[in-house]
Amino acid sequence: MTISEKDKKSVEEERKKSFTTKRATIEGLENSLFKIFPILDHGLVRVIDYMGDDDAIVQAARVSYGAGTKKAQDDNSLIRYLMRHWHSTPFEMCEIKFHIKLPVFVARQWIRHRTANVNEYSARYSILDKEFYIPDPSNLAAQSKINNQGRGEVLEAEEAQRVLEILKNDSDRSYANYERLLSSDGKPGLARELARMNLPTNIYTQWYWKTDLHNLFNFLRLRADKHAQYEIRVYAETIGEIVQKWVPKAFQAFLDYQLNSIHLSSQAVECLKTKLKGEKIAFENSGMSKREWNEFLEHFPEIE
Amino acid sequence: MTISEKDKKSVEEERKKSFTTKRATIEGLENSLFKIFPILDHGLVRVIDYMGDDDAIVQAARVSYGAGTKKAQDDNSLIRYLMRHWHSTPFEMCEIKFHIKLPVFVARQWIRHRTANVNEYSARYSILDKEFYIPDPSNLAAQSKINNQGRGEVLEAEEAQRVLEILKNDSDRSYANYERLLSSDGKPGLARELARMNLPTNIYTQWYWKTDLHNLFNFLRLRADKHAQYEIRVYAETIGEIVQKWVPKAFQAFLDYQLNSIHLSSQAVECLKTKLKGEKIAFENSGMSKREWNEFLEHFPEIE
Amino acid sequence: MTISEKDKKSVEEERKKSFTTKRATIEGLENSLFKIFPILDHGLVRVIDYMGDDDAIVQAARVSYGAGTKKAQDDNSLIRYLMRHWHSTPFEMCEIKFHIKLPVFVARQWIRHRTANVNEYSARYSILDKEFYIPDPSNLAAQSKINNQGRGEVLEAEEAQRVLEILKNDSDRSYANYERLLSSDGKPGLARELARMNLPTNIYTQWYWKTDLHNLFNFLRLRADKHAQYEIRVYAETIGEIVQKWVPKAFQAFLDYQLNSIHLSSQAVECLKTKLKGEKIAFENSGMSKREWNEFLEHFPEIE
Amino acid sequence: MTISEKDKKSVEEERKKSFTTKRATIEGLENSLFKIFPILDHGLVRVIDYMGDDDAIVQAARVSYGAGTKKAQDDNSLIRYLMRHWHSTPFEMCEIKFHIKLPVFVARQWIRHRTANVNEYSARYSILDKEFYIPDPSNLAAQSKINNQGRGEVLEAEEAQRVLEILKNDSDRSYANYERLLSSDGKPGLARELARMNLPTNIYTQWYWKTDLHNLFNFLRLRADKHAQYEIRVYAETIGEIVQKWVPKAFQAFLDYQLNSIHLSSQAVECLKTKLKGEKIAFENSGMSKREWNEFLEHFPEIE
């Protein structure tokens, strides 16, 4: 990852700041504030600001005048109860803001999470840096044979080499041509808003991204999932670690009741009940499609 | 306003808190944190938390690594440029959370601002306090004769007296009956979720309300406007004063380009241009409806 | 329910309309268009308009130029796959608009579903009709002893009588006083925007409510659930029947994968797996709170 | 524009459909349903479905049981009043769904309008067609010298030729390499979700896009504006023509009160008032920045 000296200095200055506040403050997260968490080859995640903590969830759910006298145990139970029963509004009372640097094709997936605030670096206004995502060979996988929307086995060394050369060459050439579009013989050339269209979507962009905890959990549930594309999952995983420092109780509840939970259809419930009664259950009388049955067995191989 | 001793103590304890943070912190707003701003007879506004400041708007608009080296003057110009050209996303980078106590009929208007996070005190779960909004006689106005949706002249003393008696008596009786519904001879009575329906909408409710600065400006533009109902306008005005302490540059830009601005239709533009050229302009050749023409004259009495 | 002759005639005229369209049209729903479905004592649901059908979900998911040549069986599988994996955007491609008449305390719950479009009858602008929700004795229940937020047993006849008298008297009196506030001796009185605050929340209001199918399913999941308050559940149930006529495949998938599904925490999954292996499982080693354990047993009494 | 025979046939079949409906139906828009409106070199806009008409706006604003007996003149006045006073909810009662084919760099701008429903063609799941946006020479403009975010003069023929060659060559080569990434010697290659990152953002994508009229007006206000990038403006203009057929009264109000309106800051109002009184006004005593003053003069050259 290339960070300019000027930017490094800005980050250091931000990190030296120190103010006195009455606001809910989490020591563990303060240490990570503004810090650069590197992702992929040129990407990054930085926490820019946050609002609220585990207590803020409880306080909002109770609409109370202050922290109150409830015991910590009760607070944790309440948070778990709220998560278990899909109460969303108390979790919306916590807010976090990130600075993210990411490849454009990842940004295109990410932006589909609509309930967030975003300011993206403008390639109409500014010239993009020469930074392209070139995957590590260990992440170069073939198209999955069983899932139209996923990866299968990792490419063999020679094939990986071939792929990387194409990606590198095309990135280099497209950027060189981007520059040639922008100016010719020192004369100003094509408008930036047009020249940018020559760049492939493995180029990096940046944005400020701010969201509330409820919607962040939605993001993590989809993007930290094993079916998510690797290149967005690594961002989700780092954000997950940050959230764990920020709101440890809510994050544990999220893991237990969402990320690591299983959703059973009415058919799946019936199958489990049949099996629990000691009776046999098979695909033929499951009421499921073959695909759903296979998904069910993945979760409960004990059923067969 | 009646605040229980327990709640007062909670507020005091919150106000004594002091933490060290790297986050953007505004001294003038810290002094107001958790403090009770009384509104109407039993209502209140309290700032519970905030995120960002004027700099955060600039930083997000520039997607920068830090505060940078730009001069304060440039920052103010940028904020004013963003506001003037209806850029919304940089203002969304600031967030604020309030604790609000307000009559139910005001809450019903307020909630129509959908882009906000709300946790309301639950009358399914808890018993509401006996607190009703009884207007000050100076705010008891007759139905407007010219505007179907507004107030006209203040009621005369005798009529005001009659009105207040009705409101007070009905509030008292409905609350007494609410209690009689909830229990009878010490035996538990009707479920809370049903009993509450006997209460009139001048009873007070409470909520935590969190929103970003862009949507807060939308709220203020509509609710701090002179056409807004008095009972919500007083909340908007107090919130406006708080926002002024929080993000003074953005608030001034909001006043200049939104709250105190005028929106001219293409017809109104033509009328002004005609007048500026020294020619006469009258309703008949204005291309406006009578109502619109009158609205226009209110803004520009010079036109006639 | 009281519908004025004028309104009845309007409904009849709407129902006589007939146009030719190329748009997706569902015969079964056309028959219900504009029709009044009575709810509670004075409430109603009417379908005003709709967009899309089951095919529209499939077509959007495939971003196709037309209905294509896929078999109906494939379409149903795709809809079920999308629902099972929480894909939301294809379901957002269907939209429906209702005219709803409902008590204000129900409207206050309803409006918390933010992703919808609403136009409510304005009591600032107009005078409300004298229509109050007075529950049927069979729906007058005591506060639940085990759930702070619910109903327990139905009140006995005598107690029910006492309760109904209070509700009826207070409704009558508050409306009479509302009228006395609005005018006195034929002279105009208090402004409508103020007088309305004397009315209890069992008075009826009306609105146009428009939402997409994904968000409608969210509404139904929460409000057609047995824990929802009876007075909103009856609306959700009628809407559910309408949705079944409109998009039968998507509705069946919703029933199977959402309304009648079960969400298992990571702890519950472990408990089930232990039991399926033939081992014993008890609260003590479940890793659950007592409350969660009880909720789990409700779903799987077989576990004990 | 290349449309496959299969897709052409699908469109034709859709256009032949005919149903009977009670729903609000606009003849002028029915003729355009499903039809392909070509945009740029390979792009298109198609109306897939719509809900509501001018009457639906009025009906929702009045929360009425039917079309009622009001005169058309009153309806138009009401629509204009609602637009003039920034009422948004009645316009949200109309909904429209489009099928759009557009270059990725345009899609990236477009998607920032968050209050809409979108299903995009998935390049994780499918292989993109070889269709790239290559601008017409008349649209190849140099970077603006006065506006960092816009275009200046059109390139001269020779320079345009140079630019087009770069764009065409890079498009061709990147697509050839995309194919080489996807398979090698007939053997399956890199996963689609990875291979796609080699493609530049002038490649075309497609989506279904559904939004309500209020948010569509917001889109048009920003994207049909002369400061919008040409490549998105042409889509906005075609959509504007469609909206005009659909809701002619609302569209005219939009033109008068939004697209062709002017927003005056409090400072600009003062300047105009000074001038109207016959006094002189100059930049120095305008209270504006130089930039704002210039923007003001652009609207009112009469002021100098």
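In this document, chain identifiers A, B, C and D correspond to the written order of the chains, with residue numbering beginning at 1 in each.
FYI, a contact is a pair of C-beta atoms (placed from the backbone, for glycine too) under 8 Å apart; a residue touches a chain by one contact, two chains touch by 3 or more.
Just so it is clear, the model here is predicted, and its values are computed rather than measured.
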Chains touching both chain C and chain D: A, B
Comparison of A-C and B-C by number of C-beta pairs in contact, larger one: B-C
Cα-centroid distance, chain A relative to chain C, in whole angstrom: 33
Inter-chain centre distance, chain A versus chain B - centres from mean C-alpha coordinates, in Å: 35
CA centroid of chain B to CA centroid of chain C, Å: 29
Per-residue overlap in chain A, given as positions that touch at least 2 other chains: 89, 112, 118
Touch list for chain D against partner chain B, complex: 77, 80-81, 84, 86, 89, 112, 222, 255-257, 260-267, 269, 272-273, 275-277, 289, 291-292, 295, 299-300, 302-303
Chain D to chain C touching residues, read off their complex: 3, 6-7, 9-11, 13-15, 17-25, 30, 33-34, 48-52, 56, 59-61, 63-68, 89-90, 92-93, 95, 97, 99, 117-121, 206-208, 210, 212
Touching residues on chain D, where the partner in the complex is chain A: 103-105, 108, 111-112, 114-115, 118, 122, 124-125, 133, 135, 140-145, 148-152, 155, 159, 162-163, 166-167, 170, 173-174, 177, 180-182, 184, 188-194, 196-202, 229
